[in-house]
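Right, I'll just put the structure down here and ask away after.
By letter and in written order, the chains are A, B, C and D; residue numbering begins at 1 in each of them.
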Amino acid sequence: MSEPLLAVEDLHAYYGPAHVLQGVSFEIGDEPIAIVGRNGMGKTTLCAAIMGIRPPRATGSIRVRGSELLGRASYRIARLGVGYVPQGRRLFPSLSVDEHLRMVEGRRNGARRWTPARVYELFPRLAQRKRNGGAQLSGGEQQMLAIGRALLTNPDLLIMDEPSEGLAPAVIEGLIATFRTLEEEGLRILLIEQNLAVATSLAERQLIMIAGEIAAETTAAELAANPELQRRYLGVEPVEHT
Amino acid sequence: MLPGERRAILGPNGAGKTTLFNVIAGDLAPSAGRVELFGEDVTTLPSRARARLGLARTYQQSRLLLGLTVENSIYLSILGVRKGHLRPVVLPRRDEELRERARAAAGRVAISHKLDEVVGSLSHGEHRQVALAMALASEPKILMLDEPASGLSRGERTLLTDLLLALDREITLILIEHDMDVALRVAERVTMMHEGRVIVEGTPSEIRADKLVHELYLGTAFGDE
Amino acid sequence: MNPLRWAPKQRLERCIALGALVLVAVWPALGLNAYWSHQIFLQTFLFGIAAASLIFLSAYGGMVSLAQTALFGIAGVIIGNLATKGGAGGTSKGLHLGWDPTVAVVVAVVMTTAIGLIFGLVAARSAGIYFLMITLTFSVIATYTLGQVTKISGFSGIGGISSYTPGWLGDVLAHPDRLYYLALGVAVAVYVLIRYIVRTPFGLSLQGVRDEPVRMSSLGYNVALHRTLAFGFAAFVASLGGILYVWWSGQIAPGNVDLPGTINLLVMAVIGGLVRIEGAWLGAFVFIVIQNYVRDFAVPGLSFGGTLFGGSFNTIVGIIFLVIVLASPAGLMGAWDRAVAELSRRRGPPRTADEPAPGPGS
Amino acid sequence: MLVAVVGLTVTASVSFAGAKAGVVKVAIMTDCKGAFSFGYDYDSGGAQAAFAQYAHGKVKNKNKPSAGMTGITAGGKQIKIVGYGCGNDTVPLAVTETKRLMEKLNADVMVGPLSGDEAVYVANYAKAHPNKTFIIGTAGSQDPTLQIAPKNVFRYHGDGAMWNAGAGEIAYKKLKWRKAAIIMDDYSFGWTSAAGFIADFCAIGGEITKRVFPPLNTTDYAPFVRQLPPPNQVDGYFWVVGGSGTAPSLKAFEQAYGKLDPKKLYGNLFFAFLGADKVVAPKVAGAYVGGFGTAPGLKTKAANAYRAIMKKYYPKLPPDDGFVYNYYNAAWALVQALNKDGGAIGSKLQAAMPRSIKPAFQVSNGGVLHLDSNRQGIQDQYPLQLVKGANGAVAANVVGFVPDVDQSFHGLFKRSSPPPGRTQPKCVKAKLPWQGKIKVVKNGVITKQTIK
């Protein structure tokens, strides 16, 4: 009896008349996955569908360890052990850094791997800005806080939508190292990422999303090494798909 | 900064880069000091007046006009620095010159196929493209871009780099960017900020070589690129 | 304006709109039920104009104004004071200036617009709930000013105004169809004007201000000025509705602009939907039909207080309002937009996110 | 939506086409909201009792007049009550209600409205609809029959000024007032009501030293009461504060100037409504009160007969209340006219409307009330006094009889004169027809004795 951690099957999603996801299927078992692709291909919609946030109308199936997520409210999805770092951070402007973290702390059952102290250890910059409000942080600091906030829910699965956006190279480096450690601790990551360096160093399995479908699966090594592949799937020329 | 200069501003998160932009653009009043544009003291001018002097900027969180179409957003960006943008009579769509300029700007950032779409329905990466198109369309003398490459795919970043390199030499460019591929290729001079101060200034190669920059900002990854 | 280039939804909407327009245009000529033309439709036209000024500010300027009823009433009070005469057979209250009614109309429109600009100047710097409160304050000030400055109105207001209409309009009491067509014409003109304005540079920049004021400022726009001008324009529109109203009802009193009056207009706009101008007339129509017909049904069990037909009238209106708003926060126009989107999704072939919309007219 | 519009229209047209030609459609315009919401049952009950007594109407529910009535016939025609107007004593609602009754429900005749401002609107409306007939219910404004005065508007009771006829003389003679101040609600009924006192008091030689105007529905009366001259500078105060303001305004006066002295207070009809107030009413017991055209407790044959009729059809309604009585007379006059003209409506009905009727509380001229040339009744008036009853409750009793009060106050109010307002009328000495002819009423009996 081993259900995969996350199983997405034939997922279709619509915003109004726009058919954004067209039959997406994949599983996350023991390995992290990165989903790459050009802009406007439906990657963020996929996250929204999984998390049940501002839900597009969706059909198909999304299961976490066998429990169906479609149709569930997002707070219940979060309680199933799914953490989320949304694109654009979505912080609470009136709460300070510390309040953000303490609010989330201990909200969830299960192992308490994460504490605010550990988040501060991961992002020392945040420790310096403990008392500052969400709105007073710089872009990169906001990103750190959004990640820290998601980690504090002690998720088994962490969905991150462009976590490296706006972060300085050195911080990204630290982040990659942290996530590798977390991987070893058992956290599984579904990563949406434009920064190929981040995507390839965090996940070996690379799904390429084009026009609402998983067009191809490849490995980090292959993607990193093959400029033709990059040009075809991530370049700016329109992609012919038949 | 000199006219026509291309400058990148680097620095760890929270170094004050965006705040510097806000002060220059007039969105934030400085507690002390002065801002001069084209030899004129603009410290007390509102941001709209600075825009009319030829200063255009983009925002980190794109801050777009989500309810308008891409085309209308670009129109607004052109009209804003023109005289008579209150004209109640003439429709922008009927103004050939305006249309041409908007289309050209959209073409330069490869967003032409979305001109009639409402900005709010576009993806995050497309928002960056729209923001850039708007900034370019106003034909600024000073262009300030706040992390223009973030959210762009690798291919789009290449396009962006080429676009910035091909900019009219008259345009002064200030860039905040974490993608060193983009920043160091485009910029002629680089300013490194830390904790609200400028700590190093130099050419891209000087910056690459600078120890302090590595220690504070780049980490190890870019050491031998 | 080539019909072949319209999207299917546009074509459908324009067919319906044209049908409705033809219907209301020929209604009195065909001698159909005069109560519907002179009460339901006429009120729909003129309250729709006022609601359109509210929706214009909300949909394009992001400002929900509670002052539109006050401006509507101010225009009426100005007309009442300027145009009426005192003495035998005249009205009993107001300044009795006895001006030429056409001049009075022009002055009323100009003055109301000016008052709107002043309101706008004060309110333009605030947003959201603060804007709502400031405009509510305007509305309350207007109510009390009319109620307590007995020289210009007083609690009883000014009556008999419909006897002082311009010569080109004639006696609206003897020929109510003239007022009907005038109101219809003004409503159509207001609709076309707003649709035009929002596509001009001014209209576009107003929408920009709605979405991102900071950004608009850094694009070179004077945000407060645009808001103020929008408020002035909305006051202009509201004044047209107010003038038609006093000719229709013959009177204007603080009771027209008090809190219930203010809320009624807001309810009309919300029923129609604060997103599209068309919603103004749709909402006004639905509201006025409800007001006229729902009250004839007594619903047992809903008689909370009051004596009117078991007192269920306000309760029923309230429930209808709640149902509409809960089912579609964007009102009836929003419900329509969603229904059409849903239908076209079910019927049409699935299309991808980045494919262009189906070719028009093909 | 289009389908709905057409559908509604067709149904609406069909229902109108179905109306029989032989029916006279009557609307009863009253208030069901606002300060006078009780008028809804009083007014419809008064009118319907007349229909029941004189036009064969069958009461549906003795305790709820608004339940309606069947089988009314007059002049050989069926009379149908097509609707009840629901006003709130403000004009805007009167507009929609009047149009609904007269145009949607196609009433030929309106009995109503209730309040003065509503009546001003209705009179203006009547001007534009000469084929419809309007019999004012119980509204106290002058304008409908003085300034506007359309040919199709009739009023068989007095206006707000007439109701206070005699008050000035009583204050002057019985209370020895020479100088008085007035506090009046700042709207047309307040002004009109005060106008009656001013005209009467000044006519006999009194002087008004101050007029104070609190806005309608004020919550804090202290600032307005402070504008009144203190008790040592005037002989008394005429008090015209109504609605929910009567008791609070008196309390504010008490706080400002000390104990309330009934000899220094004279209220208009609003004082009569004070009875329910357990705190203030006992403190002003003994004060004189203006009338309402009715004579509560008057013992005459006609009055008793009328009370019996009311009791028969609507036992719970107070027959001596003006709301009931005035609507009763209006409907009764309508029945007389329809009987006379064979059920015709429009101008024939207007021509047939009686120019004189014999209402229950009319005593002069052998009990006949005449209309003047503006179709406005010339009516006896009855000044009242607040008295403490055996059970301690305060009630208003009839204490005077003012014969044949006319709307013009013998020429003081003219069609061309400004209507009552903050400064109207001026205080002038005059010889009013009823001056010196006010009789004392004792225990409901009009005595020969004149008030001295």
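The rule we apply is simple: contacts are C-beta pairs under 8 Å (C-beta built on N, C-alpha and C of every residue); 3 or more make two chains touch, one makes a residue touch a chain.
Predicted, not measured: the structure shown is a model, and the values here were computed from it.
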Length of the shortest touching-chain route, subunit B through to subunit C: 1
Of all chains shown, smallest offset between own Cα centre and global Cα centre goes to C
Taking each chain's centre as the mean of its Cα atoms, which chain lies farthest from subunit B? D
Per the centroid of Cα atoms for each chain, what is the distance between subunit A and subunit C, given in Å? 47
Distance from the mean Cα position of subunit D to that of subunit B, given in whole angstrom: 76
Mind checking the centre-to-centre distance between subunit A and subunit B? Centres are C-alpha means, answer in whole Å. 27
Expected list for subunit A, residues touching two or more other chains, is 18, 40-41
For subunit C, jot down the residues that touch at least 2 other chains. 354
Would you mind listing the residues of subunit D that make contact with two or more other chains? none
Subunit D partner, complex, touching residues on subunit C are 16, 19-20, 23, 32-36, 38-39, 86-90, 92-93, 144, 147-148, 150, 154-157, 159-160, 162-163, 173-174, 249-251, 253-256, 261, 282, 289, 291-293, 295, 306-308
Touching subunit C in the complex: which residues of subunit B? 25-27, 46-48, 50-52, 56-57, 59, 63-68, 72-73, 75-77, 79-81, 85-93, 113, 134, 138
Subunit B-facing residues of subunit A, complex: 15, 18, 36-41, 44, 87-88, 125, 128-129, 137-141, 143-144, 162, 165-174, 194-197, 230-231, 234-237
What part of subunit D is in contact with subunit C in the complex they form? 1-2, 5-6, 8-9, 12-13, 16, 32-33, 37, 40-41, 66, 86, 90-93, 95-96, 99-100, 103-104, 116-117, 120-121, 124-125, 127-129, 143, 147-148, 186-188, 213, 215-216, 415-416, 418-419, 421-422
Would you pull the subunit C residues touching subunit B in the complex into a rising list? 196-197, 199-202, 204-205, 207-208, 210-212, 214-223, 226, 229, 354, 356
